[in-house]
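Order as written gives the chain letters A, B, C, D, E and F; numbering starts at 1 within each chain.
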Amino acid sequence: MSLWDHHLILLPILLPMIMASAMLLFDERRRRLKSVISLTAMAAILLVALALLHESVTGAADGGDTARVYRLGDWDAPFGIVLVADRLSAMMVALTSVLGAGVLAFALARWDRAGPRFHALFLFLIMGVNGAFLTGDLFNLFVFFEIMLAASYGLALHGSGEARIRAGLTYIAINLTASLLFLIGVSVLYGVTGTLNMAEFALKVRTIAPDDLGLLHVGAAILGTAFLIKCAAWPLGFWLAPTYTAASAPAAAAFAILSKVGVYVVLRLSLLAFGDQAGASAHFGQHWLLFVGLATLAFGTLGLMASRDLSRAAAYAVMVSSGTILAVAGVGDKAVLGGALFYLIGSTLACGAMFLLAEVLQRGVDSGAQRERAVFDDEYRDPFDDDERNEPGLVIPAAVAALGGALLICTLMIAGLPPLSGFIGKLAMLDGLVRTIGPASIAVIVGLSLSSLGGLIGLTRLGVGALWARDEDAPELVVGAAELAGMGGLLAACVLLAVFGGVGLSFAEHTAEWLGRPDAYIRAVLGTLP
Amino acid sequence: MSSNLLLLVILAAPFLGAAVAAGLPRHARTAAAVLSWLVSLVSLVSLAALWPRFADGEVLRLAIPWLPSLGVSLILRLDGLSWIFAALILGIGALVVLYARYYMSPKDPVPRFFSFLLAFMGAMQGVVLSGNLIQLAVFWELTSLFSFLLIGYWHQNPSAREGARMALTVTALGGLCLLVGMILIGAIAGSYDLDDVLAAKSVILADPRSVPALALVLMGALTKSAQFPFHFWLPRAMAAPTPVSAYLHSATMVKAGIFLLLRMWPIFGQTELWYFVVAGAGVATLLIGAWCAIFQHDLKGLLAYSTISHLGLIVLLLGLGSPLGAIAAIFHTVNHATFKASLFMAAGIIDHEAGTRDMRKLSGLYRFMPITGTLAIVAAAAMAGVPLLNGFLSKEMFLAEVVAGSDGHALNSALPVLATLASAFGVLYSLRFILATFFGPPPTALDKVPHEPPAWMRRPVEILVALCLLVGVLPAITVGPFLRSAAVAVLGFDDLPYYSLALWHGFNMPLLLSVLALAGGVLAYALFGKALNNNPRGGPWGLKRLNGGYLFEKAMSGIVKGARWAESRLGADRMQPQLRLVVLAALAAGAAAAFAGGVAIRPTWAAPGAAELVFAVLWLTGGACAVAAAWQAKYHRLAAVVLMGGAGLVSCITFVWLSAPDLALTQLLVEVVTTVLLLLGLRWLPKRLEDIQVAPAELSRSRRRRRVDLVVAAVVGLSLAFVSYAVMSRPMVEGISRFFVERAYSEGGGRNVVNVILVDFRAFDTFGEITVLGIVGLTVLALLRRFRPASDSLPSPDQKQAREREGPVAEGRKAGDALRDTMLIPRVVMRWMFPFVIVLAVHLFLRGHDLPGGGFAAGVALSIAVLLQYMANGARWVEERLLLRPILWIGWGLTIAAGCGLVAIGFNRPFLTSAFQYVNLPLLGRVPLASAVVFDLGVVLLVVGATVLMLVALAHQSLRRAKDDGEPAQAEEGA
Amino acid sequence: MIRALFPHPVLALGLFAASLLMSGSVEPPAIALAAVLALATPQVMRALDAQTIRIRSPGSILTLAGCVVIDVLRSNWAVAGIILGRRRHERRSGFIHVPLDLKDRYALAVLAVILTATPGTLWVEYDSATGRLLLHVLDLVEEEEWVHLIKTRYERRLMEIFE
Amino acid sequence: MSQAILLWCLTGAQALLAGAMALAAWRVVRGPRAQDRVLGLDTLYLNGMLLLLVFGVRAGSSIYFYAALIIGMLGFAATVALAKFLMRGEVIE
Amino acid sequence: MTEFVLAAAIGVLSAAGTWLLLRPRTFQVIMGLSLLSYAVNLFIFSMGRLRSGMPPITAKGAERPELYADPTPQALVLTAIVISFALTALFLVVLLASRGATGSDHVDGREPAE
Amino acid sequence: MTPPDLPAWAAVTVGVLAVAGAGLSFLGAVGLCGFKTFYERVHAPTLGATLGMALIVAASILFFTFAEGRLMPRELLIGVFLTVTTPVTLILLARAALFRDRVERGRDETSGEP
């Protein structure tokens, strides 16, 4: 194993961090350099993620699934912190880098100038997200959540403006509260089990003293609440729509992955620690996931239909996506979960693209994001403050057609209509659900179908308004080449995902199956399975 | 060519063509038309070439794997039924393309039109060629989608947008139902493959899930085929360009529903549900459509309702469940496609040449466009079911079928009457179509003089009308073989009943009914023709209330309104309710888990010792401070800050008391910085006065809210206290800590276990934590750079203003002297404290590994040293003397921490692996050197950078203001 | 050269002592550290352009210190008495003005520390233009007496030390 | 015996200091004016620091010394900031 | 007894913090968050059980590890302190910005409608 | 906890010093609560800050000197720094109070009776 191969898993975290730190050492003026650095970083992370993905699928001695474990500081689990790349985390890292690359490309057209230190904040966000996906330690997860959130606070407010600040305040307050819940939950779990390592925690859950079971569940429930807040689950996710709507387009698009971090953690922990093997704790909280997921799905769909503009609809689409996966996780069927994982990929990319697209379509119409001039001029001024260049760089012809196509793809993806990957995911879920027919599956089937319909109704109404029924005095639609490249990249990924749906779906299904047998994960992390 | 390739061409050519057309320049009208024409021709030829390959009942299949794990592959499956539909789609498609070339205005982006049209054609091919249920649903939705784009092509026109949306919504709704239905059928049959499904008929029918499955599938078919009560979208879709109407509503879109019914017929055709739903919808649609058509003034409107009615007829035929009915349905589908396409095209020509489609404005056009007129008359006659035309034949079969089945159900016995009535209506509106348009006095209300269209625009109509005639006269030769192979595909080779495609079946009941209908229609026109033409209200008599489109629009806006209402009721946009929900949710989750699992407390109560009483007194103090802080935070913010300091101090002492000196140190230092930060912020908050008058209603509401919150807060407090006590009262579990304590010195090189955890065992946490700090620094900077204070906090604080007003009281005093004198002593002390605090910080840093302290504490101490200088001397003064570049400190701090971690990689150890060594230095002796110290140095740099950045950026806000006022700077000579 | 190395010798000495005390050890590493800090840290005072403290009469420091210790002890006793309720009715507190001749800011600072650290007196405000000091006294017996006390016991000695 | 006396004395000292803290906190809570509260906090800090010193003696460990030293050296920064805010309405000018 | 006092302290701090968290003024919220983070820090700390006079500072090699106070929660609290300090600062700045941009110190950026 | 090798007289001295110092501090706190005006209150805590502190520092030094068998005067640092910094707070506070009284209550405490 070569030097870098061994440390590969570190790169998705370390690379953006080092790049961002290095950027702090340069002057803010060196935009081109920063753009190159950021894009390179994203590309490198993508490659790394693919390599990790490949290994997680084929890396075991028998050529099967495996989890690669990296012992930070050379301390064994459960004492030191470990990074773990298995199918799920590698997939999420890959997804993050694709989304990140698209968003970054979009931002290079002009948004990265709307406030200071965009690139650094963006890379820190990526670092936090990747860390949350890769860490195998509960408290370290908290730390990465905080990195991710801190960067997201900065990005949510990127570009300033009253709407952003107003929404940002709520966003931050709620997430700070959620972080406190996170801490309470993790510490209770530590108090009861004496460990922070996820794998060891899963083992300890199995053998917990009956007397401690209640406390363990209290900790898990509080922790779960914290994660559901990040998932924007109903009724804990009302912060999402205002924040994402007000945020600048690239920020909002990048945030499409944030709620997925919550979803990821819910999936990871519930399947690792509270799966079939968990004894008295088996399937802990699963019913709640179902209810909350369905409620989120319903509320997200309602919100989507109620939205008055596309970016808000995109925000609700994020909620719909969370709700879908949570509800499916609540059904607790592996076949269905595979579909949900596949759906997760496509819906995240589509929601991201939707935010970008919405910004292009609403440009000039949008009032929430007006740029304000500082009242003061002082030494903390950024040299680009006065740079009022608002053009998105090289402008491409036939903008309307291109944007129309993009909007169509987004709509299909979000509504889960054929033939794109959104549909494949839904199909796979429905296919699994009808096989496990019961009240829960029927509820989810109805929910999924209605949300598709609602999504279609809502998005067509808004899309028709934004593209076909533009005001006479609305500015002509222009889209920069970089912007189109960013959006197009994300949408192309959605299309590719449909074309190679068989491969993708089989990957997702195997991932669900892999998640269903946590012993392999635990063995990889702890070396043995006592 | 292999049949596989041909099959592929049939499906792929339109999509490829669509892609190419989309890329053509905006004005390439002819190129796009030629392309489209060639594409449809290529597909048509391929289709025709396949005809000889399947003699009776043979099925061609081509499978392309797509989603193997779901059993969904792309299966192209061609049987007689698919063939006849595909031929219709391609044949009429080719004619429509030709027609559209002349119809479309060069001002429009015509290539896009052709692109959509070809894509739609492809999607239709996909539906009829599907050998897989899911694939069928996929292409089904695609047809909805592309029809949406086609109908909305003239999107500048609001009715086009609305029509498109309505069509999409209704048909996509049906499509979703269809999808779920198909998935259910697939689940029952164990496969999505059409052949497997058809073979599993008995399994399917035996399964109780087949009922919802059928219902869902029918939902799809009926919406697509515009069956009552979903028929309303079709007339609205007339806002589309006429070629689109001609295509969608004759041969394609609406026929997809028919196709689906035919596909499902072998399985479900004889079930009760099928009969009631399909036949019921069919008969209702037949009548309502025909009745509404009578009253239309718009030519296309009339054709639209007529289409609905004819679709109802076909659906009714299928609903009857008899094999002959199915054959008649196929036959009428073909016939309807030909005459309706030609009629739409004719209507388009009239619109194109006369400038209107309003029958009240049109009149006597025959003399201006005799050829078109003749063609229209023939086609309308076919629609009315006049003998010698194709419409007559299939209508005869229909009437025969209705009569033959007129026993048993009440519906059945009523059917002959209803069918005759509907036929009479058909005669009536056909007559009206012709007479009101082509005959009568010359038109007066037209803007231009109508004339014949370009010859090639008429050519498609001519071909179609010729087909109507040909089939009408020679049915067995022209359409016989195709009909037969389609019938075989539906009914099977063995169950094919006897039927005759002859023109003359002798005098029989159906003929009588036909004649009755013809006579009745003519009579009705004679009686009511004038009234109909002048019907001012436009709508159909008796059915005004039943305006589906209107209801739909009401429903849609109701849905949006309802969604908004629900969103506002189920959601919360204000912060307090959201936070309350979060708190309540956490409480509920915790409580639910606790009650389910049971939480026992095992108190170990011993008589409290004196020291414990002291501890209790301490917390009496701390608790009082906390409660008072909560009490005062609204009106006395400073008091709250002070009180919180008290609570914080007690926490620190608690940490010392309970063996956590590191925590105490850190918390103390952080307290100081936080207090200063809060004070820096306080300056920008508005004054809050206790004696503001509040409305009594608001007062009582806020009282209620406060009471609720008080309860919530108390419950939170009790719960957390309970949980912590429950854990504390339990024996320690054997966990990871033992390892840390055992190895901290031997393997981490430090005696302070907490610090070794922070910089070694769990250094990655610290690594992340400092990153958070750095990010927050950046964010703070970004926010403050655009900070815009509220107008009322712009001026200097009152204290300062008053001080300046106090002014130079004594001789020789200048402004600012007062401050200088006050700060004289503090400045001296604070300035000279600077180096001592640095020494303290160095000690904190160096001892951290063995004793309480560490990088973070050192960093905050250093920040406080800087802060003291700022407080004593003012920002300007300090910055003239100390060059602090906090962002650089942050950058270097992070870089050093990461770099230190990376060094380990050079030694092929994992990131952040620490090394330590005792080194013998001259004079100093044995000194421990741990690489973690370098990591800690990064921590120091970062903490200083971030903390100073936050403090200074905040402090600078007042400075900025000072610049505007031209207030004298506070610099002064050295101390 | 020496100046550059030791811009503030008194400070360096103080830092050396402080560092040793913080280390709690007189082992070679602690001494080395103290020496390094004593050498390096005063350099930052250069940036803050602090005037060097000049002590003219080191001997007077001891006398002053003795005075202060005695006064502190005495006034602790006095104030404790007041708190415990002695002389509750006759006691009167208030402000007095003391005209000062001291100009050196370090001297003033030391005076401020002494006066404030002594229970019962509090330095409130000093007017640099007039040299008037506003003092709050807990037990104000005779204003003149206080002025006299301050000027003779402290100011004179401080002027000896610093000016 | 002497050890017991020492222990009792130290406990008594702790109790007195805790009592002093409680009184100071009472002043902080009570006010009435901001300067009283700040003064109360200053006293609270002072007594807290002394409590830590006594605690160190009681525990026989010098580990707690730094906590006390930090209050002694830097605790005043918080109260200075409060006082300055009271005086000027701004902490850093 | 110590456990009971500490539990009560956590309860009081968190109750006061929660009450403030639910108040309508931004400053109240930030104070609430600060009080809550005190409470949470103590809570985390309490999860390692309490031990007086045995800080986890070992002699050269710990003979009886079980005697020392649990160092892990202490390390966690340290991290939590730092993070909550940073986020308090951030929240403060955002609330100032909100007050500046909206003119109101209400958490919703506008005074509640009558 | 107390090391056994502390001589009896030293132990008693340490105890007495500590109690005396704590007592003075307590007295100061009593004064803080008991005095009627701010200007009187401000004097009270100096009891603890000077002699009280000195006694406790002495106790600590004495204790550790005997406990460790060598001179351990490091609490002196606390004494020095506390002595130097306490006046800073008090001066600023008194000045602020004076000013606030002048501005907000229209009273100049320096000229009239308290």
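Points to keep in mind about this one:
The rule is short, and it goes like this: contacts are C-beta pairs under 8 Å (C-beta built on N, C-alpha and C of every residue); 3 or more make two chains touch, one makes a residue touch a chain.
Being a predicted model, the structure only gives us computed values, none of them experimental.
Chains making contact with subunit B as well as with subunit E: A, D. Distances between chain centres, each the mean of the C-alpha atoms, put B farthest from subunit D. Chain pairs B-F and D-F differ in how many C-beta pairs are in contact, and the one with more is D-F. The chain with its CA mean position farthest from that of subunit F is B.
Centre to centre, using the average C-alpha position, subunit C and subunit E are separated by 39 Å.
Between subunit A and subunit F, the centres computed from C-alpha atoms are 56 Å apart.
Centre-to-centre separation of subunit B and subunit C, using mean CA positions: 73 Å. Measuring from the averaged C-alpha position of subunit A to that of subunit E gives a distance of 28 Å.
Residues of subunit E found to touch two or more other chains are 21, 26, 29, 43, 46-48, 53, 55, 57, 72, 79, 83, 86-87, 90, 94-95, 97, 101, 107-108.
Multi-chain contact residues of subunit C (touching two or more other chains): 18, 22, 24, 112-113, 123, 125. Shown for subunit A are the residues that touch two or more other chains, namely 139, 143, 146, 150, 153, 157, 160, 169-170, 173, 177, 184, 188, 190-191, 196, 372.
On subunit A, the positions that touch subunit E within their shared complex are 139, 143, 146, 150, 153, 157, 160-162, 165-166, 168-170, 172-173, 176-177, 179-180, 183-184, 186-188, 190-191, 196, 372.
Subunit B meets subunit C in the complex at residues 810-813, 817, 820-822, 824-825, 828-829, 831-832, 834-836, 838-840, 842-843, 846, 869, 881-882, 923-925, 927, 974-975. Interface of subunit F with subunit B (complex): residues 81, 84-85, 87-88, 91-92, 95, 99-100, 102-103. Those residues of subunit E that touch subunit A in the complex are listed here as 21, 26, 29, 33, 36-37, 40, 43-44, 46-48, 72-73, 76, 79-80, 83-84, 86-87, 90-91, 94-95, 97-98, 101-102, 107-109.
Touching subunit D in their complex are the following residues of subunit F: 1-4, 6-9, 11-12, 14-16, 18-19, 21-23, 25-26, 28-30, 32-33, 38, 41-42, 44-45, 48-49, 52-53, 56-57, 59-60, 63-64, 67, 72, 74-75, 77-78, 81-82, 85-86, 88-90, 92-93, 95-97, 99-100.
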